[in-house]
Every structure is written in C-alpha cells, then in structure tokens.
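Pasting the structures here.
Here come two complexes built around chain A, the first alongside chain B, the second alongside chain C.
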Partner chain A sequence: MPKCIIDGREVEFTPGQNLIEVAKSAGIDIPLFCYHPGLSVVAQCRMCAVEIEKMPKLQTACSTMATEGMVVKTKSEKTKENQESVMEFLLANHPLDCPVCDKSGECDLQDNSYKHGSSYSRYTEERRTYLDLDMGPVIKKNMNRCIHCTRCIRFGNEIAGLREMVALKRGNNTEITTIDGRPLETDYAGNYSDICPTGSLTLKDFRFKKRAWYLTKVPTICEGCSKGCNMEIQQDNDQIYRCVPRENLEINRHWLCDEGRFNFHYVEREDRLVDPARAKSSGIEICDWGTSIDAAKATLEGQRVAILLGSDLTQEEASSVLQFKAQHYADSPIFHFGTPGIVSSKDDGPEDRILKQKSKTSNLNGMEKLGIPGFERLPAEITAALVIRGGRAVLPPEIDGIEKVGIGVFMKDQAMMFSAILPGLSFAEKDGTILNYEGRAQKLKRAVQAPGQSKSLSEILMIWTNRKNSHGVA
Partner chain B sequence: MGKKLLSEKFYKSMEKLESRYPSKVALLLPALHAAQEEWSWLPPEILDEVGAYIGVHPAQVREVASFYTMYNLKPVGKYHLKICTNVACCLRGSEELVEHCEKKFGIERGETTPDKRFTVVEEECLGACGTAPAMMLNDDYHESLTVSKLDQLLDHLE
Partner chain C sequence: MSETLFAQYFNEESRPLDFYLKKMGGYTASKKALSMNQDDIIGEMKKSNMRGRGGAGFPTGMKWGFIPKQSAKAKYLVCNADESEPGTFKDRDIMRYTPHLLIEGMVIGAYAIGANHGYIYIRGEYTREAKLLDQAIQEAYDAGCLGKNIHGTGFSFDLTVHRGAGAYICGEETGLLNSLEGKRGEPRVKPPFPAQAGAFGGPTIVNNVETLAAVPYIINRGGEWFSNLGKLEKSGGTRLFCVSGHVKKPGVYELPAGSVTLRQLIYDHCHGILGDKKLKAVIPGGSSAPVLTADEIDVVADIEPLMKIGTMLGSAAIVVVSEDYCVVKLLARITRFYAHESCGQCTPCREGCKWMEDIIERIEHGHGREEDLAMLLDISNNIAGKTLCALGDAAAGPVMSFVKKFRADFEAHIRGGKCPSA
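Entry: the complex of A and B
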C-alpha cells in the first residue's frame, strides 16, 4: 500500500482516499464542518485546510487525495492560524446561545470552537438575525446558528432524492431554507438534524427534553422493518429520549428513516399493558401472574389451538416457543405474522430507493430459518389462538372471532380482545438476535429495564410450564 | 402544471435563443430576464414554470433567482429606482440619494410606495464608477447624480 506522512507519522492509504479519512485511520482528527463521509465533497467551510509540503497554500483535506510520499502537517502554525480564523468568521454571526441550544454537548461548532477557536471575539457589528422556521412535523430551523455548510442541501439532493432545501441569496445574507418555506416532504427528515454540525436544524421530537450529556447510548438494531438498520437508543433513567443512526456502511450507511427513528414511542405509551390481566365481563382486569396464567390455560384447555408468532420476536424467543410448543401443544399448527400482505420473504422487498423494506417487522427471515410458515388463514378446525409478539407485528384480523391468549406487548384497546394477557418485552427491553432481509444476523441490546411487571418471554413460558394446571379457574 | 402563465412570445423567443447557448441550463438567466419583462417581477408560479421549461428543479431556480439582485422576487412599482451604493458611489454621496428617496416617498429602502408607483432599492456596482453616483431607473442609467438632479428627474415622471 502507498504511504504518506501525516504529522511526522507514516500512514498507509488506499488510492482515492482523501486526507481526512487517511488521517482518521491513523487516529488524527482534522476539524471539519461541511465534509460528511456519506455526502459529496464541496470544500466550503475551509476548516479542514492543512499544510502540505511543496504546495504554496493550505489545501482542504476533504478534497485533497493522499498521494505517495505526501507530507501533511495538521498541527503546524499555518494550519492552526487558519483554523482559528475560520472559527472567528463562523462565530461572527453565531448567537453563541449554547446554554439554551439543544445541540450543546454534541455540537461540532461548539467542540471545534473549544479546541481550535479563540476565547475572544473581535466582532462588534450587528449580527444577522432570522426568525425560526417550522419545517414540518420533524424539524425546526434556527437560521441564526447556521454556518452554511450545506450538508442538509446535499442530504436532500443526494440521499433523500428531494431538492427541498435551498440556499437563497448570497454571501453574508445566504439563507438556508426550504422552497418558499414549505414543510419538509422526505420521510428521512430526522437525518437533517443528525448531520447539522450546529444547532440550526433540531429534532422537534427531542428538543428541550434532555441535555445530550445525560444520555446513555445503547447500540442496537432498528425493528421498524426487515432492513436491520443499525441505531442507537439514547436513554436516561430508563426513559428513551431518541434513536439515532449508527454507521454501518453495508446496511444503512449513516441514515435512519423517520418511521424507524420514532418507532420507540410505543414502548413508553401510557396505555401499554405492563401488568398481567384477564378478561372480565366489562373489559379487562389487572391481576397477578398466577391468576392470569391460570386464565390463559383455562382459555386454551380442550380447544384446538393455533400458535401465532409475531415476526418481531428474536431468534431466541422463537426457539423457546418452539420448545414450549413441543412440550405442550405438539399438535398445534404454528405460524408467523407481522405485516398485512407479507406472508414470506418473497413478498418482502425494498419499499423505496433508500432504506425501507416492505416487511414492517424485523425478523421475518429468522422465522423462515426456523421453519415457521407465514400466516395466511386459520385452519378450519382451530377454535383458539395463542398469540405471541413484540410490539410491532400487526395482529391478523382473522383471529377476531376466536378465543385467544396474548403474550408480549399490547396496548389496552388491543388487550380487550384477549381472554388473558401476559405482558412481555419490546425490542428496547431485551437482548436477542434478528436476521435482516438478507439473512444477516444482528444483535438487539437491552436499553431500558422491563416496565411494570412485564417479563421476558422465556420467563413467562417457564412460569407457564411450572405452574400446576388448575382446571376450571377462569 | 395547469395553464401556462408565460406568453407564446416568451416561449418563441426562448426557442430562438436556445441555439446560442451550450446547454439548455445556460438559458436560465435570460429566461428569467424575459419572464420578468413580462411580469415585472418573478412570483413563485413563474419560477416554477421557468424551471419546468428549462428542466431544472424549482429549488435551483430559486437559488439562482435570489442570488442576483436584478431579479425581483417581490412586486415592484412602476418606477424601480436601483441606486448603486458600492464604494465609488458611496464616496460620491449615494447614501444621501437613498435617504432622500426614503424621505420623499415615505418608505424604507427595499420597499414600494402604497400607490405602487415607486420602489427604491440599493444596488450593487452598476459599473459606472467613473460617473458616480449612478442609478438605474427601470432599464435606463442616470449618472453623476445629485439630490437636485434626482428630484428633477423624478418630478418629470408621469
């Protein structure tokens, strides 16, 4: 491999790599704003300019490819002087409202100002100011904080495939906005906030809810569809505040769709049933685990039972259900269900040209690997169903008319249809393996504690197995 | 898109012009000028129509149209005064001219009088530094201006 020299160290590189990436591979961070590995290179912000031997002027590291023997200085006097000047210009109009800014703590502008800026400002002129713009349900814009890096414009053009962000006017008056101030149309709008290097584009769902530094970040996988995008759940004190994409160049690159990003809200819904319950003449009543399991057993007793597994369960959960079935319901048919109209992975496929898949559950492929057939219709002789799911699989309407027991995540209105509910865990509350649309196995990681009395599926099945059958208890 | 807002004449003249440019995108600036000639300003629907004709995204049309000060993105009055306030003109008293207009018409720079007769804007360099201060009144140049010359000019307008 060819080599170049960065800050006196010999660094190997692949031809075509730019200096930012080469330096990063050697653990050297070059400060930057407009460069983003997932977007085109524009070399606008000038922050990444570095000194290169034999070149008369500083060169932007993002747009300069490494060449054999190139000698780069990222910490020379000239480089530092430029970084300080760029920071001074960028902060000339910036309101410096970090104490009330949502980006604070994870802001490139703040971090680079801390590392490379001056502690003083010489600017005494009036700052350009704008009113905030509401850019639809996902993003709010504060133009005063903007540094014109144009990452958002490029994201719209190159990734979302929509030219919805524009740079109007010119020079000092340049304004980044949507066409005629319209709301954003893309269903990937959350990424605008992720890539904004300042507090200019903030996520409405998250703003003013939590300071970034209090958040515990748990790497996990999105369960929104069969794509298996890598993401991070950010929580504090067992409350999830947001989900953000995690880089995986082979699956979701740097992005996450809004559906997946905001999917976590059901985990914390007020009307989620987190205590065991059984049917009563008027709706449902909360009871203890023993009573609800007795009610569940009584419901299925003597019936011809079908087992329906949500394809939002993990491999481990599905395997434990198969064992449970062999022990208790060996003759019962078992099916997986998840998305209306998607019976097998043959029906799955890309929903758009970016990330989304048609199957709206995460583990369709895993269910098939375990040999569980997809649900199409109930066999004629079936009189009752045991429904086990996470919080995402859509209950098939065919089971409306029959007696059923539910294990997993159910909202109160769904629970009404069941004779007994044994509350289980959502994707954020459990560890496990899921297989995405291409069969790639990935790990869900528990981010928050199980709420209320809910238990893991293996624990519920264990209690079920160990509890003596008490006939006639309803 | 519904009914076309730009005239047959516009489209005919564009067809003629097209051969002069290396690509159709290059036709964007003259097309905007021609559209503005018909409408006196460029409302969003016109920007969209020009974009559709040239084959560029409406967003790009807005970026270009807002970049250049000679495209009016707000309605302008019958008489559009564009007073140069760059270095040479500024040194020769253009600021006084702008202030005089503001007082005379009772508006701020960038605004239009309620009767839609006059619009006063600050313009970037008109390239007439030798005869500063300069101003454009609609499409005509007026150079070496003073407050009294400007008054004389304005008072003789209909």
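Entry: the complex of A and C
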C-alpha cells in the first residue's frame, strides 16, 4: 500500500482516499464542518485546510487525495491559524445560545470552538438574523445558528433524492431553507438533524426533552423493517429519548428513515399493557402472573390450537417457542405473521430507493430459516390461537372470531380481543439476534429495563411450563 | 501608433461579415487551421506566448494542451465574455465591433481541442452586444463559416450565446460553468479542472474574449510573429488596456504587451489627470488588484513587472484616482462590491468580506476605532489564499494595500471622526 506522512507519522492509504479519511485511520482528527463521508465534497467551510509540503497554500483535506510520499501537517502554525480564523468567522454571526440550544453537548461548532477557537470575540458589528418558517412536523429550523455547510442541501439532493433544501440569496445573506419555505417532504427528514453540525436543524420530537450529555447510548438494530439498519437507542433513566443511525456502510450507511427513527414511541405508550391480564365480561382485568397463565391455559385447553409467531421476534425467542410447542402443542400448526400482504421473503423487496423494505418486521428471514411458514389463512379445524409477538407485527384479521391468548407487546385496545395477556418485551428491552432481508445476522441490545411486570418470552414460557394446572399436572 | 490587431477596427463599419471577409482577411485563418494538424495549432499557440487576457494570465497554448485527446463525454469550448471585473470594458468593444474575430477564433480553438459545441457566456448587462453576437453568428452560419461541415472540411461547430444575469462570480470559470448549466453561480472545487471535467461534465476550455479573438492572427501570421509583438520574453501580442477614472482621455488603448509603463499610459496616452490635479493612486488590473501610490507608476504594465511590486495586471483595467478623491470612500465602495458579489459558499469570504465592509464603512463615516486597521489587516490576511476561489483574494488584496499604503488617510478619518475632505 502507498504511504504518506501525516504529522511525522507514516500512514498507509488506499488510492482515492482523501486526507481526512487517511488521517482518521491513523487516529488523527482533522477538524471539519462541511465534509461528510456520505455526501459529495464541497470544500466550503475551509476548516479542514492543512499544510502540505511543496504547496504554497493550505489545502482542504476533504478535497485533497493522499499521494505517495505526501507530507501533511495538521497541527502546524499555519494550519492552526487558519482553524482559529475559520472559527472566528463562523462565530461572528452565530448567536452563541448554547445554553438553550438542543445541539449543545454534541455540536461540532461548539466542540471545535473549544478546541480551536478563542474565548474572546472581536466582532462588534450588527449580527445577521433571519426569520424562520415552519419546516413541518420533524425538523425545527433556527437559521441564525446556521454555518452554511450545505450538508442538508446535499443530503436532500444526493440521498433523499429531493431538491427540497436550497440556498437562497447570496454572500453574507445566504439563507439555507426549503423552496418557498415549504415543509419538508422527505420521509428521511430526521437525518437533517443528525448531519447538521450546529443547532440549526433540530428534531422537534427531541427538542427540550433532554440534554445530550445525560443520554446513555446503546448500539442496536432498527426493527422498523427487514433492512436491519444499525442504530443507537439513546436513553436516560430507562426512558428512550431518541434513536439515531449508526454507521454501517454495507446496510444503512449513515442514515435512518423517519419510520424507523420514531418507531420507539410505542415502547413507552401509556396504553401499553405491562401487567398480566385476563378477559372479564366488563373488559380486561389486571391480575397476577399465576392467574393470567391459568386463564391462558384454560382458554386453550381442549381446543385445536394454532401458534402465530410475530416476525418481529428474535431467533432466540422463536427457537424457544419451537421447543415450547414440541413440549405442549406438538400437533399444532405454527405460522409467522408480520406485514399484511407479505407471506414470505419472496414478497419482500425494496420499498423505496433508499433504505426501506416492504416487510415491516425485522426478522422475516430468520423465521424462514427456522422453517416456520408464513401465515395465509387459518386451517379449518383451528378453534383457538396462541399469538406471540413483539411490538410491530400486525395481527391478522383472520383470528378475530376465535379464542386467543396473547404473549408479548399489546396496547390496551388490542388486548380487548384476547382471553389472557402475558406481557412481553419490545425490541428495546431485550437482547437477541435478527436476520435482515439479505440473511445478515445482527444483534438487538437491551437499552432499557422491562416496564411494569413484563417479562422476557423465555421466562414466560418457563412459568407456563412449570405452573401446575388445576388438575395438578404441569 | 503601430499596427493594432483590434483597435483600428473599433468602429461600426467593421462589424459586418462582408467587411471582415474583404478587409480583414476573415475566415482565412479558420480555413488554414482546419487543414492543419491539431497538435500543430496548439504548438503555434504555445509559440505565440499568448497569455490569457481574462486576468490570470495563464499561457493559452498550455491550457489547450491539457484537453484529453479521447473523451467519452462531449468537449466544449467556452468563451468567458462575462467581463465582470470593475474597470474592464475591452471585450465589449471586440464583441461590438469585431465579433467575427471572436467567432473565427472559437472555430479554430474548438477544432484544436476537438469540441463541436461552444458557448459565449456574456455578461447580462451587455444586451446590445449579445444581440450583435447573435447576428454575427447567424451571418457566419449562413456563410458556411460555422455550423455543419465548416468550409467543406467535415468539421462541425455550433456556437451559442448564453446571457448571464449579472453576477461577478460568474466570471470565475467554474462559477460560469455552473451558471451555464443552469445551476447557482458558485465556483466548484478544483480539481477536477475544467479541462478534465467542465461544462456538463465534459472536458472544457474556458478562454477570454480577447484571447480567442487573437487566435486568427496567430494562425495566419504565426505564433512567432505574435510573440514578437510583445516586448517581454513571456508575454506575446498586444494588450487592450482599459483606462478609467480621473484621466482626461479614458478608454481602451491597444499597445504591444510590455511596451509601456503606467506613467506613460496615464500621462502620454490618456493626457494626464483631469484638471491637472495630482495623482493619488492607481489600481492597475481591475478593482481586485492591490493599489499603487503615485510614486509606484514607473513600472511596465505587464504581468511580471507588476507582480514583482506586489500587485497584478489582471484584466489590464487601470483605474486612476486623483488627489481630491477620498481613498477610504474608494476602498469602502470596492469592499462593498466584493461583499455583495461573494457567492456565500465558503466561510472566509462569506463572513469576512461583509465584516470588512462594515468596518470600512464605519471608518468612512467617522465611527472608526484605533484597533480597526490592525483588525482589517488581520481579517484580510485570514481571507487571502484561504478561500475556495479567487474572489477572496480579490476582496482581500485591495484592503491590505489601501490600509498599508494610505494608512494616514484612514487614521485621519478615525481620529477626526469624519472624512477630512468632507
């Protein structure tokens, strides 16, 4: 591999790599604002300019490809002077409202200001201000904080495939906005907030909810569809505040769709049933685990039972159900269900040109690997069903008319149709493996504690197995 | 006066094709060139020591040589007729009076680089010239000098006039290409240079009007002849100087390159300063060139000599300022121009130009502070050489040179709290 020298160290590189990436591979961070590995290079912010031997002017590291023997200085006097000057220029018109800004604590402008800026400002002229229009339900805009990096414009053009963010006017008055101030149209709008290096584009959903530095970040996988986008759940005190994409260049690159990003809200819905319950003539009644399991067993007793498994469950959960079935319901048919109209992975496929898959559950592929067939219709002889699911698989309407027991995540209105409910865990509350649309195995990681009395599926099945029924038989 | 390539034809009669064909040997050069080997044409251009007349002074032959011979994408020749540098008005005369020189030059250039389509990107304010160019292009099409199968040689070249909308930055070649493609007029990151990926992604050469209009002469009379017209080693041909400001006879002057000093231009050719006042300052290469004081004008007005004393020839637009004009006001006007014309893409230019404008306007109106001058020098130094395109340097150069060379005038404004001449 060819080598160049960065800050006196010999660093190997792949031809075509820019200096930012080459330096990063050697653990050297070059400060930057406009460069983003997933977007085109514009070299506008000038923050990443570095000194290169034999070149009279500083060169922007984002737009300069490493060459054999190139000698780069990222911490020379000239480089530092430029970084200080770019910081001064960027902060000249910045409101410095970090104390009330949601980006504070995870803001590139703030971080670089601490590292490379001055705590004193020479700027005494009148500051530039803008009026902001509403940008729709996802993003809150604050143009005064903008540093004109144009990442959002490029994201719209290059990734979302929509020319919705544009630069208006010119020079010092340049305004980054939507065409005619329209609301954003893309269903990937949350990414605008992720890539914004300041607090100019923030998530309405997250705004004023939590300071970034209080958040615990748990790497996991999105369960919104079969794509398996890598993401992070960010929580504090067992409350999820937001989900953000995690880089995986082979799957979601740097992005996440809004559906996946905001999917977590059901986990914390107030009407989620987190206690065991059984049906009463007046509705459902919260009870203890023993009572609800007895009710469940009684419901299925003597019936011809079908087991319906949500394809939002993990491989481990599905395997434990298969064992459970062999022990208790060996003759029962078992099916997986998840998305209306999607019976097998043959029905799955890209839903758009970016990330989304048609299957709106995460583990369709895994269910097939375990040999579980997709649900199409109830076999004629079936009189009752054991329905086990996470929080996303859509209940098939065919089961309306029969007796049912539910294990997993249900909202109260869904629970009304079951004779007994044994509350389980959502994707955010458990560890496990899921197989995405291409068969890649990835790990869910528990981010928050199980709410209320809800338990893991294996524990529920164990209680079920060990609890002696009214005839004294396990 | 010696023979001129352009100036002697700067009148209404020379415009029609008929005059061009009969009196100027029109379209003989393109006939000759289209039978030549393309490398030989580029060789002739190299020999001519023609250095681009737009401002940067890059050797034209070398630029043409950068075009790849083979290209999957169509190649383009683009004429930069944006002429946006304040003080420059020479290309207007060429387009107005000798449009066919430009058209023929473009046919030859296109043939040399292998382009079948060319554009003349003309300044939006030049409405009359755009019309005249369209007429001349039509004449050339009708006469078989342009279009399909030119002169029966099998070479085809189409030429389109594209009007700009009045942005200074669209005179920067990559900003021009973006504008030509219908995008925002913002300069592009280089590399890739236009010769690799220019208009619509194809290899593109962008040349100034005066550069291209000289090409027929170079082909007809040879690169060596053209080179010998110039009096300096590395600068061939004649130059069109645009002299404006406080001189008695402003206008376009064509003189052999490297043959005159600024003093000769101002006092001999332009008959001195208006009202026989004293000279205060000279901007030698369009408003972006660092300013010279009255004692610095015994310098040959060409690329190297001016570079040696820290300024530039640029587009050879010489702005002359007499003693009773306030240089602070002048710098305020220049800086306001660059702040207004900054595209806003890159940080130092977007933020710095406006900051400098604000400070200088404060000083001009008597609200300056002692520390302002040091700060101005610092800001301009933080812009110069650190921006995406040359506009940053264009804005910083005047500020640095005015503050350094006319410091007393600035201090008088700051201390007196008003303009001393007001």
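Here is the rule we go by: the second predicted complex is superposed on the first by the 469 of 474 C-alpha atoms of A that agree within 3 Å, B and C clash if a C-alpha of one lies under 4 Å from a C-alpha of the other, contacts with A are read in each partner's own complex, and residues count from 1 in each chain.
We take it that a residue touches a chain if its C-beta (ideal position, glycine included) is under 8 Å from a C-beta of that chain, and two chains touch if they have at least 3 such contacts.
Quick caveat: nothing in here was measured; it's all calculated off a predicted structure.
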Chain A: partner with more touched residues, chain B or chain C: C
Touching partner for A:164 - first (chain B), second (chain C), both, neither: first
A:148 touches, of chain B and chain C: first, second, both or neither? second
Partner chain(s) touched by A:234 [first = chain B, second = chain C, both, neither]: neither
Which superposed partner A:179 touches (first chain B, second chain C, both, neither): first
Chain B versus chain C as contact partner of A:442, first or second or both or neither: neither
First (chain B), second (chain C), both or neither touched by A:345: neither
Partner chain in contact with A:315 - chain B first, chain C second, else both or neither: neither
Contacts on chain A seen with chain B and repeated with chain C across the two complexes: 167, 169-170
Interfacial residue positions of chain A with respect to chain C in the complex: 41-47, 49, 56-58, 60, 63, 81-82, 85-86, 88-90, 92-93, 122-123, 125-126, 128, 147-148, 150, 167, 169-174
Residue ranges of chain B touching chain A (in the complex, touch as defined): 44, 57-60, 62-63, 66-67
Chain A-facing residues of chain C, complex: 167, 184, 189, 191, 339-348, 350-355, 358-359, 362, 375, 382, 385-388
Chain A - residues contacting chain B, complex: 163-170, 179-180
